[in-house]
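These notes are about the structure you will find just below.
Think of it as A, B and C in the order they're written, each chain with its own count starting at 1.
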Amino acid sequence: MALLHEDRLFPADATTRSIARRIYAAIRSLPILSPHGHTSASWFAHNTPFPDPVKLFVQPDHYVFRMLYSHGISLEELEIANETISDPRKVWRIFARNYHLFRGTPSRLWLDYAFQETFGLTERLSEKTADLYYDTIEQRIAAPEFVPRKLYEDFGIEAISTTDSPLDTLQDHIEIRASGWKGRVLPTFRPDSVVDSASEGFLRNIAQLGAITGEDTHDWKGYLRALKNRRNFFKSLGATATDHGHLSARTANLSVQESERLFSKILSGNADLSEQELFRAQMLTEMARMSVEDGLVMQLHPGSFRNHNPDIFRRYGPNMGADIPSPTNYVEALHPLLSQFGNESAFTLILFTLDETAYSRELAPLAGHYPCLKLGPPWWFHDSPEGIQRFREMVTETAGFYNTAGFNDDTRAFLSIPARHDVSRRMDSAFLARLVAEHRLDEDEAIEVAHALTYDLVKKAYRL
Amino acid sequence: MALLHEDRLFPADATTRSIARRIYAAIRSLPILSPHGHTSASWFAHNTPFPDPVKLFVQPDHYVFRMLYSHGISLEELEIANETISDPRKVWRIFARNYHLFRGTPSRLWLDYAFQETFGLTERLSEKTADLYYDTIEQRIAAPEFVPRKLYEDFGIEAISTTDSPLDTLQDHIEIRASGWKGRVLPTFRPDSVVDSASEGFLRNIAQLGAITGEDTHDWKGYLRALKNRRNFFKSLGATATDHGHLSARTANLSVQESERLFSKILSGNADLSEQELFRAQMLTEMARMSVEDGLVMQLHPGSFRNHNPDIFRRYGPNMGADIPSPTNYVEALHPLLSQFGNESAFTLILFTLDETAYSRELAPLAGHYPCLKLGPPWWFHDSPEGIQRFREMVTETAGFYNTAGFNDDTRAFLSIPARHDVSRRMDSAFLARLVAEHRLDEDEAIEVAHALTYDLVKKAYRL
Amino acid sequence: MALLHEDRLFPADATTRSIARRIYAAIRSLPILSPHGHTSASWFAHNTPFPDPVKLFVQPDHYVFRMLYSHGISLEELEIANETISDPRKVWRIFARNYHLFRGTPSRLWLDYAFQETFGLTERLSEKTADLYYDTIEQRIAAPEFVPRKLYEDFGIEAISTTDSPLDTLQDHIEIRASGWKGRVLPTFRPDSVVDSASEGFLRNIAQLGAITGEDTHDWKGYLRALKNRRNFFKSLGATATDHGHLSARTANLSVQESERLFSKILSGNADLSEQELFRAQMLTEMARMSVEDGLVMQLHPGSFRNHNPDIFRRYGPNMGADIPSPTNYVEALHPLLSQFGNESAFTLILFTLDETAYSRELAPLAGHYPCLKLGPPWWFHDSPEGIQRFREMVTETAGFYNTAGFNDDTRAFLSIPARHDVSRRMDSAFLARLVAEHRLDEDEAIEVAHALTYDLVKKAYRL
């Protein structure tokens, strides 16, 4: 008995499946490149064990607790906000009893992978097996080798990026580098807190940015210098990329004078919503300009209506499973930025979307023309078997494979990383196998493409 | 020879097909729950036979006559508006001669099902077999047992809901209950005519609502009391749900004072389009508030641009196949209502869409978070094999199966009901079989899920 | 060894594939009807040979050079703007070296088809085979029979339409007709340059239209007469259709007085963007009115944001692979035109889209109701295996097969024409084979439908 079948996610047709198996065999053991995600550098800096199964599987995984919440299980019962879980076994049993809710979801695939591959469990999680699971996991995570650095190595990770505020001292990253450990944990420059005036504590953040850099961040030019300064600091600790999570993909291309005036208005605290949007738009273009100069790859993750549920936000804060995608336009929104920097071959801008309608309509045509553009993998809700398949089906014919940037796991659930990369590799193998079976591609080419999608294109796009 | 193949709609791959067969075998004979539709309570109250084949298959089915109309066949030729069909055989021959137009459409599947299962016909409908069909159907519907109550029983219906105006006396429902007949025919509270000020005769309807309930419906509070009163009347006759068919999904959350002012403006007849939209928006939130109190499940069917063809509307009125879907936003539109009632576990709001782009982008993420939300099945143009498949593919990975509400036939074509449920059961079996064949779900789980989708989830979501 | 497999594009499942083969066998050799495209009438008028492989495969094909450009290869290197290619072998080698970029794209299928079927090449194009290809193609195109008229015949073309300005003298079309050659090359009336006031040289064009027709084109009525006059001229040379390429699908239905006033404003050069949009909208309705009268079929190709890359546009002009689709609404936009002419059976309006979300949401419901509407095939970025499959899957269930208008190749790459029609025939066979394998259609019906999609519906929709 096993939770995982060797042929999972491969098409049922026997011919296609055997092709998929061969393609997958060529890539399954390649190292993991994880160039975008939300693991914590402190894990690798301090290398301390995980406290209990709930801290490992439930609390850090909004995919898991939002599904339970959607069925009327309160976040209190799940002890979501608790620093220390008072009754982890009780929470675990709730999770186990409701495991059927995850049928047909990628969470199920990721969880089963970790249960079997990391913990040796082979019987399905349910009310009946809840305690068996709890005891097995509890025992295993108490073992001395069950620590972040060892898991990094066991998982075959070659490099992993975190996501960090410009105000972060990156102390953990400094310690990792100083420790002599061979793992590559890279910071990513995510400046939302100092370029999006709607973010909490924005004015305080601007002041702090000034204090850290010794620049006058209340002056437009000083503010830009301060940002450059921090980008360089990130680069010095291995960063190769920036990341931007605005609600829309809107960019602007204002003159210096207009930018100065807008910045003053923003700092005055009297900017209206459209001025705040314009400022975010202009700052994307400024970030692109800096990327052209300093070579940091730029990532854009737009389209999430954050904290849609005000009651949950008030009680629990952000990232509680209540971020909902919204329609996102790219063709108009990116026009100002692309008009300025779109033809720069030295510049790389990786685009993501939560709006799948943009794949074939906007993103593939844009990436199939502009030298600077690459398409990031299916993101968040779409990082799933069907989501990956739709991405390849809707993007490939116009953008080709080589305008995409391989896979991102984008997770804070550390144990799910190998599982997520495995799903991606399997789905790419399945897609390529179909092309081969339908004589749209030869098998030797498919294997080359699979290798590129898994490794080469990630390395190149992220300059790892 | 047969119109229907035992394996229809199952994937061609032999392994997957045999799994689909086994799943389907476990659910094919389950009772039909039809919690949303447009059959007429008077059929069951009076139990009178159907007059002729055209009245049975052409006149009540806008899927059928709009397709004929799109090929230049006039509604006059089809006698669409005639109380009595003057030459039903002639109309039937037109239909038969054009039956090839329905190739590849769900109508073809539904019609063939009724032709074979209800009338024993096995040769394809065409110009050549037109009269054979006409004679066979005519003879059969003249038989004493071919009456609505008997068909209800033969079809294996356990409960069926109609859709009714708050101004309706529900006399037919009263008579059904008084008759001693065991069939469950339930009214549904659909208040569009008294909450949407753009509906025909709105001010007259408000006055009539006052007359029926003895409330002063020109006063905001009296108006709300009158609505509650009618909801309770519907409940007393078995209603478990309300239904709302606005053009957009917009909701609002005004104060009592603002609502009062807006209502006065609406009653004055001077409200502009945006005030009318705001009033509809506020009334959705009011209906939600009442649902929280009285337990009626709320259904929202937005996004239809009704009566797009003004000439047809002028000559034939509504529901003539000229209602066209339009883009529908949910994430912004529902925010006011969900901010107020989204976390109420006792409240159920079932969402439908004619805009499939909302499935993976908005609806699944919303339903995968808010406890009150469930997703209704693919609706209208999307109640079809490909439509059902897209729904499951785009919704399941984020919302899971258990945040959906099973199937609705939503029809006024009574004979199509078993056919529609059969298509749905087959397509769900096919989807689940693929998950099993690809080792994403075990077969015992798939059978459990199929049962839930066919029966348990409908019963639970609609509180039947 | 071969570039093309006999079963390419057919589903891998053995049962389905064998059905697909039988359907395809029934249609593969039908004549090619090419009712919309961008070949040059001068080719057929002058019948001169093609100069070199680059002029044949790279320069006229924006699918090809935009992909190379997206990977940082400059348009200078590709000699895109050069009248005479200075070093065609060098350009060819660049193309060959980067041929892997086209993996998974339709260009790869079209190119391989031409390489094998027209040039007898059987080894894959690559850096290694670049010169073999170059030499083979160079030699073959120097042969006396490698001329446009002979290729037209070899390709099995029965009729081909060009796309022409109302200001064109159609001299090439006149010469073709005078030559006694049997080929049917038909002009198409594409009036964008004289109805879209945003087009370059608009006012000059209006004056020229007056000069050609002897009408006062600065008077609304004279302007309309001039357009009618040119339409009749096009008809006299075999035109059966018009074509319209506006950014949006918006139509209007102004009174004569309003139209006159708007036209004056447009001619004054002072119209703002919304007045220019309104004028385009009104002109679509005027074109429809003329079509009702003169019987020319109307085609609408909306939704392309032209020349998105200003630097490329400035240096190279239009059609450089930098046209990006944008979201397109039909249901509101077409309402004015359809309210006026939607029920005219004698009028045919063929709709295209670059926004696939409109297929099931708007286009299929519109075409499934209005007698005047037919749906054109998947266009441009969506003229591809996956694009064709999505089109059939999203359109057929609501509009049926018979509200579609068969295939268009829409190309300026002459050699790709048989390849494109072959892909379309194969994908339609594959789609129909699935319906047969799933018992949704009988095989005899599928073959009839395939014939209709390939030939009959094109002939009928375009009145060829």
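Operating definition for what follows: a contact is a pair of C-beta atoms (placed from the backbone, for glycine too) under 8 Å apart; a residue touches a chain by one contact, two chains touch by 3 or more.
If you're wondering where the values come from, they're calculated on a predicted model, not measured in any experiment.
**Q** State the superposition rotation angle between the two copies subunit A and subunit B, fitting on C-alpha atoms only and giving a multiple of 5 degrees from 0 to 180.
**A** 120
**Q** Tell me whether subunit B and subunit C, two copies of the same sequence, contact each other through the same residue numbers or different ones, using over half shared as the line for same.
**A** The interface is built from different residue numbers on each side, given that under half of them are used by both copies.
**Q** Could you grab the centroid distance between subunit B and subunit C? Build each centroid from C-alpha atoms only and quote it in angstrom.
**A** That gives a centre separation of 40 Å.
**Q** If a residue has to touch 2 or more other chains to count, which residues of subunit C qualify?
**A** 11, 13, 357, in rising order.
**Q** List the residues on subunit C that touch subunit A in their complex, please.
**A** 4-5, 7-14, 66-67, 69-72, 100-106, 108-109, 124, 305, 308-312, 321-327, 354-357, 381-382, 384-387
**Q** Could you list, by residue number, the parts of subunit B that touch subunit A in their complex?
**A** Against subunit A, subunit B makes touches at 11, 13, 15-16, 329, 331-332, 335, 338-339, 342-343, 345, 357, 360-362, 364-371, 373, 393-394, 396-403, 434-435, 437-442, 445, 448-449.
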